[in-house]
Each structure stands twice: as structure tokens, then as C-alpha cells.
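Before anything else, here is the set of structures, which you'll find just below.
Both complexes below contain chain A, partnered by chain B and then by chain C.
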Partner chain A sequence: MPKLTIRSFATLGELLPSKNMEVSTSATTVQQLIDFIAKEYNPRFKEQIIDPKTGKVHGLYKIFVNGRDIDFVDRLETKLKDGDNVAFFPPVGGG
Partner chain B sequence: MELKLLRVNLSKETIKEEKVDAATTKKFVGGRGIGVKILFDELKPGIDPLSPENKLIFMTGPATGTAFPACGRFHVITKSPLTGGIGDSNCGGDWGPELRFAGFDGIIFEGKAESPVYLWIHDGEAELRCAEKYWGKGIWDTEDGIREELSNPKVKFAGIGPAGENLVLNAAIINDKHRAAGRTGVGAVMGSKNLKTVAVYGTGKPQVADPEELQAAVKKAQEKLEKSAITNESLPTYGTAVLVNIINESGIYPTRNFQTGVFPTASKTSGEVIKETVLVRKKACWGCPIACGRVSRVKNPPYQTDGEGPEYETTWSLGAMCGIDNLEAITKAHNICDELGIDPISFGSTVACAMELYEKGLIPKEKLGGLEPKFGNPQAIVELAWRTAYRAGFGDEIALGAKRLAEKYGAPELAMHVKGLELPAYDPRGVKGHGLGYATSNRGGCHLRAYMIAPEIVGVPEKLDPLKTEGKAQWVKTFQDIFSICDSLVVCKFLTFALSADDLKDLTNPITGWNWTTDDLLKTGDRIYTLERMFINREDFDRKDDTLPPRLLKEPMPEGPVKGHVADLEKMLDEYYKVRGWKDGKPTKEKLKELGLA
Partner chain C sequence: MSLSPSELERYERQMLISGWGVEGQKKLKSAKVAVVGIGGLGCSAAIYLAAAGIGKIILVDKGKFKLNNLNRQILCWQRDVGKFKAEVAKEKLEALNPEIEVEAVVAEITKDNAHDVIGDVDVVLDGQDNWKTRFIINEYCVRHSIPFIHAGVSALHGQMTTIVPGKGPCFRCIFPKDPPEVEKILVLGATPALLASLQVMETVKLVTGIGKPLVGRMLFANGEEMVFETVEVKRNVECPVCSNL
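The block that comes next holds the complex of A and B.
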């Protein structure tokens, strides 16, 4: 099964057993990966990120696949492959 | 609304009160706007910034010390000794509001005192006092000493440490012990005037035109600030260094003097780790509901320290920029900068430049007094902070800033600066609009004239693709104009994570009684930005200076998510001049007429 690295930051990092995990999963899209994480680790992770009304990522939450914001790829349908690095961020700002 | 200023001639030891009339105040607001107006009108082009001919202006604005959220700020404006152009820096803490409570909106210093002095302002009175016994002392001892001398524990200070006294070109003015008006070498100008500090205490209250309407606007603004997960959650919980991870994951975290945008151990210095390790508690500037400040402590040697920070920028400049991931050393170096009065961004960047020069064999070992300035050496950054403030040994060369240092050793391309000011913590090869912001910033390499990271990474007020250039010029201009207003009111730019230009206008009108539309607000910002440009045009800055270091324009990012990208500037620059009404970096006559500047 393909292996993915999952990194979750700030408040999201506190919802998973580790902020930096390697998982084997059959998920081939970001949406499937989020469903997988919700089922295997913590359903709250998905509730935080996905707006149940729209099924889209909540405003200002961000998901990067290999450093690229999925909003500029194929959003939740962005494809995943073996070795990909997926990063999840709650709203963050500074300067 | 008029403004009341003090004009202090240090050579003649005279102090006079004067007014900024209502029409000029409406045109330039306060803070940065009024500061650049005074500088433009009163300074002869070409003067030496460290001569008595330069002026050093401390300004608050109409919002400072009122109910406007996050208004505990002030602005310092002068001609920069680091860049030769406009020098200015904005700062939080308590000092700005205190100046207004004492009855003044700003102070213009001119000339040079014969021997060290400080200015003591208290409830409408001002006097120059001898500061000889504090000269040579750090910021913290000076504040404590003068508080005792004045027998008033509530006095607030904005002053210099040894770095400013020794005319270190990246010297800061520090207020309230830990807040830095850091950029462009304003501390060196203060040192050149033999002015140690400005002590203020007041019991008054700034007047506002319509207190009830202001309360209503504040309530609305507060609701928005509470609803924003950035201003209500991430900034107070993790501080500004919450950005470390997302910027590093985006591949734009400048590492080892911008040689790459990926620092593999960046997370060891992130806001999350700061929270778990050195953080004692969060802290707010006066009147700020956000509280992004950090009070911190390192308990054990060798980097034991009590103080504040680090912030996102210092975590980077004293960290990844120098290849360092030791949070305790970074916190220690940050505190040395606060205590001795150094701008940590310019200082860290200059050390990084020295590290690259050294690793390339361009700085001979005997110059270094036993130091080993290699990337990743935490001891070097701590040691060099001391040496720079006192201009001891190789610190004397770090005191020059990156541009002069790299030129001295025959490799000017290794200084990561724009117009002589060292760049901050985002690599523009992967955030194209932000690069245009750096290039066109009037004060030089700076992220606070146009913070394109907000739309290009954070997604506020809307998300823009960081790798595209289309339409970015207009965005940069709008940001520059809004931030000119923030710096002139004077309020914190972090408000704009939750509040729009409309909201800023709704908060300003009840204070000033101006009846601004949002267009009026933007046009006023445009006027201030353009006047600054006129100031630097007079000092020979134009299109040739609206650029980026050659590394960022020519060397593709070597790795990470933005591998292969360079900063695309020229096309955006043409578009930018068009939307600004400028030609080759200079405002056109028509534009000046339109803005009432001709």
C-alpha cells in the first residue's frame, strides 16, 4: 500500500497521536485521506477541517501536498501517490 | 483635528510647541504620514543622516491611545543612515499612548546635544536632562535608573543602547524594554544626536470627535477580531512564530542567507515549540485584544535569559537565516538585541552574509578574533550580538549592515537587501507578489509596506496563487496604501487579518470627525506613499533601485515545493508603475496633481 507522510500543525497537531506520522493507506485523493484519518485516528480532525454544510475545506484551513496548496491543484480531489507529504494547517497568521 | 508637537533643538537646547493645522492633518493623518511630510519639507537633499542636519521624528496618530483596537503604537521617521533614503520604523508597547496622555502627538528632534541628554515629558511639560551617567548602559538599566531618578515607577521610555550610541547602522530604538522600532538604523540617528532616551508620563486622555459612534464601531470591530481564528486563536496562542512551519512547508523560508527556502529543522523554532518550551506567558501592547507578544525564559546555561520574544522575524533572522535551530540561543540573542538596541532582522541577515563570505573563503580568519562564523553555529550569533553593539573586533564590520559588508569583501551579490535594507523572512521566489512588495518598498527590504503573504499564503482577504504574477501589482499598491494609513493612524497592521479598509474608515471617522469614504482613506494612503517616493527620488532612488538581490532574480530555488522558480519582477513592475501613476519609479506630474502634492 502507498505510504504517505502526514504533518499537522498548531491546534490540528493536537488532534492526532503524532504531529508527524507516516501512514500506509489506500487513499488516492486528499478527501479519501481525510476520511481515512477520521476513521483511524480522530473524527474531530475531519470536523475541524471540512465544513459539513458545503463539504469544502473550512475558510483559512489549508492543506498542502508536497508544499503546494491544494486550492491551486484539484482541491479535495487532488491526487496522492506513494511518498507524498501532506500538511494540514489551521488558520495561521503573523508577520 | 489638529496635532500638537514638540520641536526640540538639541544644539540650542530649546523646546517649542507647535501645531500641525487641520488641513495638513487631514491630508497626511499623523504618524508616518505627518513624519514624511515634515521630513520632505524641512530636510535638504543629500545631507549626512548622522549629521546634526538630520531630524528624528517620533509620531503618534489620531487613533493612538483611544478605544481603537490595537492602537498602542508610534512611528519613528528620519533619514536612514543604513539606506540613505526614508528611514522609519513602527513600534508597539506602551510608549505611544503615554506620549498622548502627556499632551503631545509627536516630537521633532533637530541638531545635536553637546553631551548626552534625555528628554523628560510629563503632563504638558518637557525638559532636557543630563544623561551622562546612563551613556554606555543597556536599555534595561537605563529605564530602571531614570525611573528611580524621577521617583516615578510609571514612566515609559523609548531610547537607545550602546549600539545606537556607537552609531551601529542597524541600531534600533527600544521602548518599554522589549519593543523595537528596529528597522533602517533609527537608533544610530538618535545616537548621533547624543539623545539617550525619551521619558514620558501623562494622566490626560486623547480627545475624540464622537465617543458614542466610536464605541459602536469598536464593538463591531471587536466582534470581527473575536470571530477571526487568526486574531483570536493562532496569534495569541502561538505568537507570530506560528508562521514558521507554514512558510517552511511552502518552501519559502530563507535559509543560510537565502541559499535555499527549506530548513529541515525549522519546526524546532516554531511558535508551537516556543509555547511548549521558553514561553512564560503571552503579552499585549497597550489596548490590544490580540496579544501576540511572548514573555520568555531560558532557565539553563549557556543561554540562560529572561525577556521577551522571539517573534517570527527574529526566530528566523537569528535562526534559519544563519542555519541555526537552537531556540535557546535564538532567544538569548534576541534579548541581547533588545538590551543593547539592535535591529535583529538586519543584524541576523548581516551575520548570515558574513557566514557565507567566510565559508567562501572571502573573510580571512585573522579578522574574526577567534570566532567561527559558520552556518549553524549558535555561539557565533550570540557572541556577535555583543560585539556588534560595542563595535568590538569583527562586530565593527557587522555594524555596517549586509550591503556595506559584502561590498567590502568584494561580493556585493551576497548581501540580501533592497535599497540597502536587509530582507525579512520570506523568499520571494515562491511568493511573486510579495517580491514586488519588497522591490517597490520605499524604505527598502521590508514586509510591512505590503504584506502579500496575507493573500498569497494565509488566504486573507482572499486566496491568491503565490506562483502567479497576474493582477499582483494592484494588490501590492492597495496593501501599501492601507498600511500607510495603519502607520499614520497609528494602529497595528495585524488588525487587517480581521478588519477591512471599510472597518478602518468606520473606526477613524468618529475619532477625527472627517467623514472619510473608503476611497478617501485609500487616496490618503496613496498620497503618503507617493510623498515618501518623492523623498527617495530626491535622494536618487528610482527604477534601478526597485529591484531584488541577483540571487533571487537569477538563481532558481534549488529544492522544495518552489524548486526552479526565480522572482519574476520586470512585468509586474511595469504594471505596478501603471497602477501607481509613476514612470520609471517616479510619480508623474498628473499623479502629483491628483493627490494634491504638486
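The block that comes next holds the complex of A and C.
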């Protein structure tokens, strides 16, 4: 089964067993990966990231696949393959 | 440009750093750096820029100090509450280092006035507390090929990256959508101080040519768990701001 590295930052990381973890999953898109994480680890992870009204990523969060913002690829339908590195983070804007 | 005997003494400890020396210090003396926003980030950054000997520092902020700024905006002392931030900061920096030039600009940066307010500088440091102005500054910096060192903080967390137009992603490449603004950001003073110190390190590196700047990487600082990580960030070939570079 393909292995993915998941890195989650700031408050998001607290919802998972580890902020930096490797998972074996059949998920082939970012949406499927988020569903997998919600089922296997914590449903709140998905509740935080996905806006239930639109089904899209909440404006507060960013998701990178191998350093590339999924907004520039195929958003939640961005494809994943073995060895990919997926990073979730909420940017903070205070100064 | 030469260094005076007092400058040679003042900067002695940093000039001993490998690759720095008198030549590196002269580069700092010749450098012009703008700090846009004199809040938690801007106050700490400005102090270390002045202490390091940046020859000209431009401080931009339209606001006045308030009592609830004092936990983090360390150029403001009790007696300065109610005074313009940029002017107070200028006074303190000149007292710290009379061998540099400091300019206070009391203004809000807009698309129309960015050139007049920031001007022709070598580096811009992000001291903003809102996303909208950061995007305006990014556009200005990309247009004029000026490195822009971004940082943002909340509570005990922060992120930063160094934008060198044409060499890595710009701010709009990284944030294609404007993140939502937060009205009242929670923050411990040590958090912007930490990120501001890193911004100054990046500035000094860019000016002197020492080290490897944080271009194409975003650093995340998690003060709650004392974990520092970086994630790669890439250019967007269709970026509306920098794709022409």
C-alpha cells in the first residue's frame, strides 16, 4: 500500500498522534487522505480543514503536496502517490 | 565608505564571524532597510537592525502606541503611550546607535503610496499585522526586485520566509488567496521577538552574502513544543504578481 508522509503544523498537529507521521493508505487524492485521517485518527481534523458549507478547504488553512500548494494543482482532487509529502498548516498573520 | 574607530569597536564581535570582517560591516553600513509596521515584529527587528549597524533604517507605521501594545512592542515604554510609533522608535534607535541614520514615516501603506513610503531600499522587513498590506508590499517589492522578509505570529507560533523576487516564490505564489483577517491576535511578546530576530538574520545574510537565505522554504516555529520545521514552497508559473520574472 502506498506510504505518505503527513506533516501538520500549529494547532492542527495537536489533533493527530504525531505532527510528523508516515501512513499507509489507499488514498489517491488529498480529499481521500483527509477522509482517511478523519476515520483513522480524529474526525475533528477534517472538520477543521473542510468548510462544511462549501466542501472546500477552509480559507484559514493551506495544504502542500511536495511543497506545491494544492490550489495550483487540482485542489482537493490533487493526486497522491507513494512517497508524497503532504503538509497541512494554518498560517498566522499577527505582527 | 570607511568605518570609524568607534564603529570598529562597536561591531567587533560580529565582524569576527567567518566571512564578515570589515568588508561585511561596510556592506551593512551602506544598506537601506525598511521595517514596515512597528508592532511586535517591527520593534524587535528594528532594534537588532540598528545594533547590527544597518546604515539607514526606515520605520513605517501610521499608529500610536497603546497600553496593550507594551507586552510585545518593546520600543514603547510606559511614557510613550499615545505617541506615534515610528517617531518613538526612531528616537530609541538613535540613542542605541548614533552612527546610523533612522527615518520615521507616519503613514499607512497603500497601493498608491508604496513607492513614496517605502522608497528605494535593499530589503523590506514585514512587521504587518494584516494580510492585505502584506500583499501590497509584496507587489511593490516584486516590481522593484527588493527582497521581502515575511513573518507572521500568533500566540506561541510563527512562520517566516524570505522572498527574493525571481529567485523563489513571492508572497502571492505562496498565498494565492487572502487568508482571513483576525481582529484581535493573541500573542506573547517573545514570539514576535523570536521571529524578528530571524528576520534580521536573514537581512544580514542577504546584505553580506553570508549563508543560505530562507528562499523557497517556509519556516514554522512552534514555541509550545519548541519545534522548528521548514516546508518547501514553490513558484507559481501563473502567479499574477511575479510570473513575468
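The criterion applied here is as follows: the second predicted complex is superposed on the first by the 92 of 95 C-alpha atoms of A that agree within 3 Å, B and C clash if a C-alpha of one lies under 4 Å from a C-alpha of the other, contacts with A are read in each partner's own complex, and residues count from 1 in each chain.
Basically, a contact is a pair of C-beta atoms (placed from the backbone, for glycine too) under 8 Å apart; a residue touches a chain by one contact, two chains touch by 3 or more.
Quick caveat: nothing in here was measured; it's all calculated off a predicted structure.
Once the complexes are laid over each other on chain A, chain B and chain C cannot both fit and instead clash. Look at A:G95: by the touch rule set out above, it reaches both chain B and chain C. Touch criterion met: A:G67 reaches chain B and chain C at once.
Within the superposed three-chain model, A:F9 lies in touch with chain B and with chain C [touch as defined at top].
Counting contacts by the rule stated earlier, residues 7, 9-10, 13, 19, 59-60, 62, 64, 66-69, 71-72, 87, 89, 91-95 of chain A appear in both its interface with chain B and its interface with chain C. Those residues of chain A that touch chain C in the shared complex are 7, 9-10, 13, 19-20, 59-60, 62, 64, 66-69, 71-72, 87, 89, 91-95.
Looking at the complex, you find that chain C touches chain A at residues 37, 39-42, 126-131, 134, 151-155, 157-159, 173-177, 179-182, 185-187, 192, 220, 222, 225, 227, 229, 231-234, 236, 238.
Put simply, chain A touches chain B in their complex at residues 7, 9-11, 13, 19, 59-60, 62, 64, 66-69, 71-72, 87, 89-95. Looking at the complex, you find that chain B touches chain A at residues 228-231, 233-235, 237-243, 245-246, 249-251, 270-272, 292, 311-313, 447-448, 451, 453-454, 458-460, 463, 465-467, 493-494, 497, 560-562.
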